[in-house]
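Read through the structures below before going on.
Below, chain A partners chain B and then partners chain C, in two separate complexes.
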Partner chain A sequence: MESYKGLSPSQFFYRNREIAGFSNPVRSLYQAVRELLENSLDATETHGILPEIKLEIKPSNNQNDKITIRIEDNGIGIPITEVPNVFARVFYGSKYVLRQARGVFGLGVKMAVLYAQITTATPIYVKSSIESSETEYEYRLFIDIEKNLPIVLELNVRKKRKKWHGTIVELTIQGNWPLARRRIEEYVRRTALIAPYATIRLITPESSIEYKRVSRKLPEPPQVGKYHPKGVDIELLKILIRSADRKMRLLDFLTKYFDGVGKKTALNFCQWAGFNPDHKIGRLTLTDLEKLSNKMHVYNKWRRPKPLTLSPLGDTLLKEGVKRILEPEFVTAISRPPSSYGGNPFIIETALAWGGKVPVSDTPMLLRFANRIPLLYDESVDVSRKIIDAIDWNVYKVKFPAPIAIVTHICSTKIPFKGVGKEAIAEVPEVEKELNIAIRETARRLRRHLSRIEKMYEIKRKEVTISKYMDEVTRALAYILNNDGGETIIKQKLMELLKKEIKRKAIVRGGIKSAAKAPCSR
Partner chain B sequence: MESYKGLSPSQFFYRNREIAGFSNPVRSLYQAVRELLENSLDATETHGILPEIKLEIKPSNNQNDKITIRIEDNGIGIPITEVPNVFARVFYGSKYVLRQARGVFGLGVKMAVLYAQITTATPIYVKSSIESSETEYEYRLFIDIEKNLPIVLELNVRKKRKKWHGTIVELTIQGNWPLARRRIEEYVRRTALIAPYATIRLITPESSIEYKRVSRKLPEPPQVGKYHPKGVDIELLKILIRSADRKMRLLDFLTKYFDGVGKKTALNFCQWAGFNPDHKIGRLTLTDLEKLSNKMHVYNKWRRPKPLTLSPLGDTLLKEGVKRILEPEFVTAISRPPSSYGGNPFIIETALAWGGKVPVSDTPMLLRFANRIPLLYDESVDVSRKIIDAIDWNVYKVKFPAPIAIVTHICSTKIPFKGVGKEAIAEVPEVEKELNIAIRETARRLRRHLSRIEKMYEIKRKEVTISKYMDEVTRALAYILNNDGGETIIKQKLMELLKKEIKRKAIVRGGIKSAAKAPCSR
Partner chain C sequence: MPRKHRVVDEKRVLRRLERFGKNIVDQIMKDQPPRIVVPIRTLANTVWSRKERILKLGSRKAIREFFDIGESKRFMQTVLMLSIIIRARREGDYPTIRDLYYTGKHTITYVDEYGRRRTEETWDTQRESNAVIQDIEVATGLLREHMGIMHDTKGKIAGNMIIRSKGSDIDLSRMGSGAYAIPPNVDNLEIRRVDADWVLVVEKDAIFHRLNEEEFWRKNNCILMTGKGQPDRSTRRMVRRLWEEYSLPVYILTDSDSYGFYIYSVYRSGSISLSYESERLATPEARFLGLTPSDITEYKIPKNFIIKATDRDIKRAKELLAYPWFKESKAWIKELNIFLKKKEKVEIEALSGHGFKFLSRVYIPEKIKKKKWIE
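The block that comes next holds the complex of A and B.
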């Protein structure tokens, strides 16, 4: 006879913690840092606050594999009543809405809390305050794994002495700092690249690195949006109908609950799909819902999803970020117009950096981001790598080894990840196309830059060559002109002539550049 | 202001169904078939029943992407009161105990039910009966995703007309049969390889394939075991202490709740770790538990974990399975003694097939299994592939292209999967070592086989060569012996001599084989 039993969500993830990245002391430490840093960024930039984040990693004195992580941000803070659930209850949070967000499964920090609890038996420490509140509060929390509920070990509330808002979190987990170190440092570095408006300090036993913000401009935060009709399924229809008035007409339901559906579009769709626009939604049967869902998927005259739910960085900020981290000689960036796949809006942004401190390598260095999260694993199967490897870089005057780096960033309410690891972007044709356009455009800009430099060198070379003969020509001219004492003046005039001519050349080169534009853009 | 909310487990997996393999219509169909087939095997073989399984895949007549999957087994059946929860409640089941089991996360069939519900709006149909019951019952179920509870749409109970037990399940999901077909057929084929005692029929629109059982022997089913002391964490200690008498002494706690811990071992451990063996477990503080957990991890004098929780196939059955599916000319199999990593027992089994219907390829074909589940994805990063590719096959007389296939099977209460995809085994040193020993041993056996064949050919060649001169020798002998009419007799005698000599050679060859054994085994 079998015995059956139920598990709480905490128990499930306690048993399957590798799903959330907590598989071993190296990866777990990396993962915990990620969750904390991403939470802090979301608590600031999404709410119009310039992030000011301090991240400390402190291995314990007597036990090498016991690591304390402490993070401090100037975010909006978490309401006192929400803190226990947000930190110590699996499947609870603020990310379950339709908009671009950091984080992978929305499991987030709970997994780090659970991991701390089972490896070092230490509770999470949280101190927080929201702007409008006059108090600040400190919690120490465990998770009751069997019940999936927070256990409050300690709660202190006191009046704020100075005006502040934000959150401080401290966690102690089993980890392997020496092995996780490089990944974590790289993660913070790349985060600093994609968030040039953030000041991030990383304090470790070995060093204290500060990435000071290079811009005070924040990208427009994403808004919570409606679903696109192409993205529905039967369950979603049921949920929306349940939340609506049962007597609502199908026509009104479509226009009210879906992205970019006006009255005319809704009417056209109903006619095409064979639905009565006046049908009360409360009376739709399951068969109706299945048909409705199928037809909504197939209909090809919906408007494109609106990108209001997205928050691209923009080319200027992206360029700033790249300069701050890679310190190249040349950088260019592109933020493409919104596109979509299967009802999900997305935006592609890319940058290309050349020379300066960009390391020289045999193939372009690639830095990938999804919704402003750096992707560090599985580069070899990412669609960006595939596109870059398929490009004949000779066409763009790049001869390897070369100091070239490419940054790709995809924003979407649903990032098309490949597999469950969520570290590589899949080859969705719409995404591939956008990436291809953007990467090739930056490559063309690089070619123009390299041509310009070539030309400059050529002119410089001519100038040097001509200058060499200047004395002789001056002497000859003075002789011919019978002007023995005027050599200095003649030489000066000749030099002026040469400079003028060089300048003219350079301008013509500028003209060549503009002329070259047309045949290049495909 | 942020708004916070909770999700039910069903809602979480509804949003993150790719975790359980339900990412697109191809993969989802494959995954649903897997879940159903694995459940049926677990309901039979684990309980000493020879599996008799019928699996049907029926695309809908009018809609190509609507597929009905129906499975029928002769398993133990599911008690009437458990059916709704087992099929329509996430995090509920019989697999949450410590023993080898099929299935990946224990999410199992619920995800298929959820997927059916959201893509085709059809409930799951379940008919079941247990042996001791006089009734059979039919259910139609949905999942209430918001509450994570079953919705019973229909329940019929009636007296059984004939004596049967087992379960019939029918599901209709959105799927892509043309694209999933090959994978599913291969999955069933490999399942038939690893379960030679099972009769499995696969009925599809194109064909009806029956894998008839080739053995009536079932491997010993796994038992539910105790945890090994090396595998604990603080949470597990807390759970075990909660379930025990708080006044129990630490000494008794260790011997009662852990695998292979006798009184002497427990005493030695307590002394080494600095614990009082008479300490009441109810009075252990969190700091004590952390120390206890750490010490239990580090102590290196525990006995090896007992393999009672495992259920290897054994070399005979494995050979039968390989013969049934690959139909090779030569096959050999090994079932290694139990080993362990980090407190988890495991057993490695491998087989090698050569010639016959094994396809010829440039590198050994690899068929991987974990707890009797075929692994079809991510072969390139699996530790078995790594080992096979590192072997110099010339040593074993294998020249590619060659008709060679290798089967690897790992049984464990905790399969060391690589990543979240759970399709490849990681490079755990203990596992790697066992695989290496087993694969090389089968390779040596192949070499012996190939040597034997070579020798045979050589002898055969000699026989043919000598036979060519037989007539001439006969004539000469007859002349010398002055026995003109006796040529026939002489030739006959010579032939007898030759045959005898060839036979003697063949026996000597056998001797060579045994002699060669020693230097080969490392």
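The block that comes next holds the complex of A and C.
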């Protein structure tokens, strides 16, 4: 007889760790670094703290396949009682609310802990302190895989000697640093691009790279929001109803739990969908819920989702980030107004960098981000790539090979990923449209820039062309005049005239309307 | 009474060249962007003057501004060439156009707009320097001969006339089997005396020498000349002076082919590329003595002496038909149409089929006497 037993979440992920990205020593190391770095950023920027992060990667005890990752941040810290759950209990976290965040399920870091535990049999080390606490505390933790509960191996509590808050995490996993190195370095580099307000130090066996913050301005943190009625499903309805008063009327339920739904909208919807607004939500049957969910999807008179739950970077910060990492000659950025797809608000931001240290290539280099997470894989199937490749760049005066890079950033409470890899954005029409608008606008700005440069060179060319003949002309004229001293005077006069001419040209080319009134050469 | 010819005054030439240059300096001193006004020398600005019956330069002028990057190099070249010519005049030198090309050829080094070090020649080929010389000619109204610029000459002349050159009198009837080689600057020659009734210009050097050996000019009281094919400027100038100053009729003798017809056309009306000099070089009343396409039957040229016209000959003849001075001449239309129809050409020497002296004893005197030339 077969024995049936339920799997604890820890067991499930232990058996299916590749889903979370822990499939092999290269990918696992990369994934672990990602999870830790993203947690640190979420612990800082989301709470109005300028991130100060130090990430250290070192082979453990000269064993090349055992790698220790240590990360220090100046985040809000984790309350002493919460540390074990946060790091050693799957599906436990503060992110179960509707707002933009790097991670959502609180899964990643626990997977790293789990992975460390099974590959190197070492516990995770956590040191943390919150601002209001007088103490700092150190933990060594394992996860009880069967029970999905933390095992506290060690706990030290000390009085803080200096004022600080933040978290230090250290774990040792099996990994392949030489093979993962380039990806990790690129990941940190791109993270530094999308977080120009962060100072990130990456210390590896080979080098120490510091990305100093170039801005002290943090983007507005996202607010906790309500779900938009278009984005619901039966499960969500059940969860929301469970948390609400069962005697609540449907009308009140809709206005209280959903984004942008007022009394009037709720009434109109109920009438349209054939529901009694006074119906008690506890009495809704599964069939009712299915009908409600469908109708909420289809109804097209909901207000647009509020983007307050989103935290775009903004064009200024994005530009700063691009400047610090790509060091281009020209950069422009756009932060589009909010839009939505299927009840999920989203914002598209793009930047275009040109020249300087941007590598020259046969097609625009693409750097993609989703909720400030760099996407390094599956570029070829990403909607941004598709849009960029469909553009006739000749229109924008770009002739390949060219030093051009494009950055795309999508912020959403639900990123429309393609597949489970979470590395490519799907071709959702609304998203595609916004990306297209933004990329083309930056391309137009590039064209304007290139035209200006072209004109500048044209003016310079004129100056060069005429200047190079200056000596021949003045020498000849002075000889004709039979005047030995004449050469200097003629040349001086001619130079003055040329300067005036160039100035006049620059003004006219610059498109200033008053050019006609500009001082004439006469 | 011959019309008076004034020998070109070198000082005046120099003054005119200097004035041209000073005008540019004056603009600069008055804070004006410097510019040169040059009459355009292209076909589009070449006009046929029916009254004078010559090709002339039209009235269109180009303004060459130093500050226009499309023209600044040409401006520099013009000023550079002007200074070299002025230096030659000041120092009494007579350079050739090739000398001028070398004297003005310098390498300019400069830094371009992208910061690269580069070099450029003031001119690359003699074509460029020649073009600038022509610009200066039309802009100042001076011919290159006046400016003391030499060129290859190939014209010869013999006959009863005396000229004065560099202080010596030269009797052109006393050159023996040789002939006087026409110098580049014909206007520096003083023609002291001419004792002749007409001028015969033959296309070919060999024919010139044959007629000279026979002393054709003494027997027929004429001046004998040749330009050795397509005539140079000084030969044309000499022909013009004899016609203009001594009112002598001028007869041109060439092969009967498009090339020969065109040589006549150049003596008579000028060439398109040098249309600005027509007034000094063309002889609008020059007469074409022969050989004409109708001479082939008229003078019974043996069939085996006749050469078939090539496609190029035909093409050229069609072009000639479009020239105003041919289009306005019934005789020429008739002859050119015969040529185009029969596609036959003959050389002057073909007349020797009737004996070596047929040309000098019969053909030329008969044609002149019977007024069988065409214009």
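Just a few scattered comments:
Basically, the second predicted complex is superposed on the first by the 468 of 522 C-alpha atoms of A that agree within 3 Å, B and C clash if a C-alpha of one lies under 4 Å from a C-alpha of the other, contacts with A are read in each partner's own complex, and residues count from 1 in each chain.
Note that contacts are C-beta pairs under 8 Å (C-beta built on N, C-alpha and C of every residue); 3 or more make two chains touch, one makes a residue touch a chain.
Fair warning: this is a prediction, and the values are worked out from it, not measured in the lab.
After overlaying the two complexes on the shared chain, residue contacts for A:Arg461 are found with chain C alone; chain B is out of touch. In the overlay built on the shared chain, the residue A:Leu494 is in contact with chain C alone; chain B does not reach it. When both complexes are overlaid on chain A, the residue A:Ser243 reaches neither chain B nor chain C. When the two structures are aligned on the shared chain, A:Asn300 is found in touch with neither chain B nor chain C.
Touch criterion not met for A:Asn61: it reaches neither chain B nor chain C. In the superposition on chain A, A:Leu481 makes contact with chain C only, not with chain B.
Ranked by how many residues of chain A each touches, chain B and chain C are led by B.
In the superposed model, A:Thr119 makes contact with chain B only, not with chain C.
Against chain A, the residues of chain B that register as touching in their complex are 1-9, 11-12, 14-16, 18-19, 76, 82, 85-86, 89, 91-94, 96-97, 105-106, 117-121, 145-146, 233-236, 239, 286-287, 289-290, 293, 417, 419-421. Every residue of chain A that touches chain C in the complex is listed here, in rising order: 457, 460-469, 471-473, 475-477, 479-482, 486, 490, 493-494, 496-498, 501, 521-522.
Every residue of chain C that touches chain A in the complex is listed here, in rising order: 17-18, 21-22, 24-25, 28-29, 31-34, 66-67, 69, 72-73, 75-76, 79-80, 82-83, 86-87, 106, 108, 110-114, 120, 122.
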